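I've put the structures underneath this note.
Each of the next two complexes has chain A plus one more chain, namely chain B in the first and chain C in the second.
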Partner chain A sequence: MLIIGERINGMFTDIGDALRNKDPKPLQYWAVKQEEGGAHYLDVNSGPAIPTEERVAAYEWMVKVIQEVSELPLVLDSTNYNAIEAGLKVCKRPAIINSCPVEQVKIERVFPMAIQYNAGLIGLTMDKQGIPKDAENRVAFAMELVAAADEYGLQMEDLFIDPLILPVNVAQEHAPEVLESLRQVKMLANPAPRTVLGLSNVSQKAQDRSLINRTFLAMAISSGLDAAIMNANDDELVDVAATCQILLNRSIYADSYLKVFRAR
Partner chain B sequence: MSVTLVKERYASKVGEVVLGATPEQGGTRTATVTVGGDSALPFLHFEGQMPNRPVIAMEVTDIVPAWQELITRQIGDVLNDPAAWAKKCVDEFGADLIFLKFDGADPEGENRSPEDCARIVREVLAAVGVPLIVEGCDDPAKNNEVMTAIAEAAAGENLLIGFAEQDNYKSIVAAAMVHKHTLIARSPLDINICKQLNILINEMGLPLNKIIIDPTVAGLGFGIEYVYSIMERARLGALANDKMLSMPMICNIGSEANRCKEAYVSAEEYPGWGDLADRSVLWEAVTASGVLQVGASILVMRNPAAVRLVRKNIADLMSE
Partner chain C sequence: MALTGLDIYKQLPKKNCKECGVPTCLAFAMALASGKAALDACPYVTEAAREALNSASAPPIKAVKFGKDSVLGDETVLFRHDKTFYHPTTLLIHVSDTLSDDELRVKLQEIKNLEFERVGLHYSIDGVAVVNDSGDARRFAQVAAEMAESTDKSLVLLSEDPQAVKAALVQLVSRKPLIGAATAANYEAMVNLAKENSVPVIIRAEGLDALNDLVEKAQALGYKEFVLDPGSRTPVETLANLTHLRRLAIKKKFRPFGYPVIAFTGKSEPLEEIMEASIYVAKYASAVVLKTSSQAHLLPLMTLRQNIYTDPQKPIQVEPSLHSVGNVNENSPLYITTNFSLTYYSVEGEVETSKIPSYILPIDTDGTSVLTAYAAGKFEPEKITEAMLACGIADKVKHRTVIIPGYVAVISGKLAVLSGWKVVVGPRESSGIVSFSKTLSLS
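Moving on to the complex of A and B:
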């Protein structure tokens, strides 16, 4: 189970301000803090804080300052592929591109880029029309992403399918469809593509966010989830990820399993 | 139709552990022995490296052992002299290491003093140049006293000392750390306890490359399949990057195999089992070659004839 720390995102005020002021400290603070919490990867997203024309330079800067304090590999999160490419050029370790929907123009841009920079790639089960409601159409999109990986020569383990979870308070019927999608995506190829979710979406503007997040995480892992972009500093959430590893027999039990999961 | 060889890709490998120390390293051994380092399942040379072959340690006890005559006859008149016995194991039987066991320290038996044990360790160190594995007796409290004295007397030699258990590990871990030895972590055929014990030892500050796992082997016909599957699982864990299971493993073959009735009962008593001379050697050799297939790095053996067979088996398996 890969934990991708979500916190370095311009949507958060402190990161937004840091990006505007070119102050590396908040980014570096969260890089270290998320690693301590148990993150294996760090998501890097400028959000709307940076005007479009400055994004390329911003991603290069973000990657550089984060790598000054952390050895963790990065997940470059943007819809601006030139910005992602600028980031990839300065990444010291193989990164993950976040993300590519099922749109031919974007597939043609992003898949070769993943190969060129030895990066993983998050593929979204959606197209221009948006996110499908049911598992069937999500899986159909996943199949197109699997076919694209095959066509461009991306290793199946480097393709992360994101079946796109929506907030439970406004799109409740999506959650079971996402779980079913996770199950079916695992049957699309051998070896199977990996799967990922932007976990915190499930609880947007809902009550008891942490409880909803960790309950859904356990359900999703049990359905075939391999990675989650999530709050790496929610200790109870990380505990759930560790416990799922044990209950699915992916890691050998020891009394100190919670500590071992974070120590790796 | 072409055939593609299926090769597994592993995330990690078994850690390497060095036993013994040469004069430059603060000891008196003529050479060190390195075990572990495997990056694939045992002897699958086509998909990974096995940089160090498994080694054989021969068992020497501080008192004349009550072993069957088929074995003691081969060892001869050195049984009452641990230093001479150890030398014979190295010079004549080709032992890679000496496993020195202090049965005589047992309070129920001879109750040998810790100082006396330490003296014998020094004598054996003087007699042979190979690294030593030293275990005390089976009484936990006495074992702690004995091993503390031995660890101090042989400081710098990087002995492999045994053994730490889940209920009794602190004093021997401290002894290993202070006097720079490597430690055997023994668990009772239980991979969860095995992993937890390694965590506890490591938390005291002993590095992972100073620990050897003893999964508690069982003899052929008496539960060997339990240790076989546990060792296989530990190896798969190590290759999948489980750092707390990535230590090389030691198997106490000699004592377990020779406890089995099949290894010592005569053909007169059990005609169906055939000649004891062959059966006895093979019982120990087959137990050893069984655990070699699941990643044993150090085999502790007793019978010189069985050692010869297993050494040949290792040489064959190591030739690619």
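Moving on to the complex of A and C:
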């Protein structure tokens, strides 16, 4: 189970300010803190804090300052593929591109880029029309991403399918469909593609977010989730990820398994 | 294993013509994978694609049978803890046709001696591999016939010369021997010979690329009862080849390697040879041909084979009969435990350490531990009383005291009434047996 720390995102005020002021400290603080929490990857997203024309330079800068304090590999999160490419060029370790929907133009741009930079790729089960409601259509989109990976020669293990979870308070019927999608995606190819979710989405503007997040995380992992973009500093949430490793027989049990999971 | 959507999609024409009733070939592939459509709905799928899809749903490694109950292949995992290994390695003794008649008699006697009784199990050698080292077809046929005459075990007939194999095979077809080896030079004659007589054949080539080529050529002759030999004769190369062959067959469903593999030892010093064979038993060889045939060399190898091929999911059991530790006498104490091997050997080890000769009676609890058996109603006073009567312990000791595990103290009263013996509650953990035994008084 890979934990991708979500905190370095321009939507948060401290990161947004840091990006505008070119102040590396908040980015570096969260890089270290998320690693301590249990993150295996760091998501890097400028959000709308930076004007479009400055994004390319911003991503290069973000990657550089984060790598000054952290060895963790990065997940470059943007819809601006030039910005992602600028980031990939300075990444010291194989990164993950976040993300590519099922749109031919984008597939043609992003899959070759993933190959070129030896990067993983998060593929979204949606197209221009948006996110499908049912598992069947999500899986159909996933199959197109799998076929693209096969065509471009991207290793199936480097493709992360994101079946897109939506907030439970306004799109409640999506959660079971996402769980079913996770199960079916694993049968599309052998070896199977990996799976990822933007976990915190499930609890947007809902009560008891942490409880919702960790309950859904356990359900999703048991359905086949391999990675989650999530709050790596929610200790109870990380404990759930660690416990799932034990209960799915992926890590050998030890009394100190929570500690072992974080120590890696 | 079911086919994945991607496996199927790769075999489809990718015309997106909608004639199958589905908008795209990709969607059709997914419908096939989930069983919602039939391949016949597509008018453009080629014969080759149909064949590929059919064979992809076959088991990863074909089962090949020969001789007397020898089954090779039909395995599904790389590590036994993932499931289990199913068909224990077939062990065969190399018999050269250059041996004199006297030497043959000695060899045969040695082979006959390779039967062992150990820990309640019977081990035996599976067969002989008659090898045409002499180059003389007549002598080869003669030795093969003699071997067939004197043993009912499985036979392998090995010669590069198809005529020699044919001469030896004609008289032995009813024994269904494994023949070989088909090589790049003789494969047509050898594979056709196997096909005509419905016997399996060894395909041998130097290295995996050459083996792949040769298997495909041999398959083109319309026969598929193959056993593979990647040609290597050193442990390091053979280990690598065995691993690649098993991995490609199972993980990648690489059809040309979806057959069992036979290994030949290269070492001539017997102790080294047995170590070499041990590697092949542990690492995927379906059959191993050995030169040594002495009991001392084969027993450890057969024990290893037995151990490697046990099912890790099933608890290992000891025989539920009266066991004795040390030189037991009429004053020896009697311990009761279960026949789960972990439980039994924990008790046995501690009883041994106590240095007091003792009897241990493991109750048949289907190989479960004391508390598991008790909770499942398999460790009850009635059953223990019955086992005590059946094993005849009453005639062996003059005391009437039985020791039960501390965790089932609650059964002591009823057991005492039913058996008429005095029941002493032992320690909860077997580690307490040593100090417990010192304070024990049987009077």
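In this text, the second predicted complex is superposed on the first by the 264 of 264 C-alpha atoms of A that agree within 3 Å, B and C clash if a C-alpha of one lies under 4 Å from a C-alpha of the other, contacts with A are read in each partner's own complex, and residues count from 1 in each chain.
In this text, a residue touches a chain if its C-beta (ideal position, glycine included) is under 8 Å from a C-beta of that chain, and two chains touch if they have at least 3 such contacts.
Note that the structure is a prediction, hence the values are computed from the model and not measured.
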Which of chain B and chain C A:V260 touches, first, second, both or neither: first
Touched partner set for A:S222, first chain B, second chain C, both or neither: neither
Partner chain(s) touched by A:N80 [first = chain B, second = chain C, both, neither]: neither
Contacts of A:A140 with chain B and chain C, given as first, second, both or neither: second
Which superposed partner A:S251 touches (first chain B, second chain C, both, neither): first
First (chain B), second (chain C), both or neither touched by A:Q204: neither
Chain A residues contacted in one complex by chain B, in the other by chain C: none
List of chain C residues in touch with chain A within their complex: 1-2, 4-7, 9-10, 26-27, 29-30, 33, 253
Parts of chain A lying in touch with chain B, wherever the complex brings them together: 251-256, 259-260, 263-264
Residues on chain A engaged by chain C in the complex (per definition of touch): 139-140, 143-144, 146-147, 150, 187-190, 192
Residue numbers on chain B that touch chain A, as the complex places them: 191-192, 195-196, 199-200, 233-234, 237, 241-245
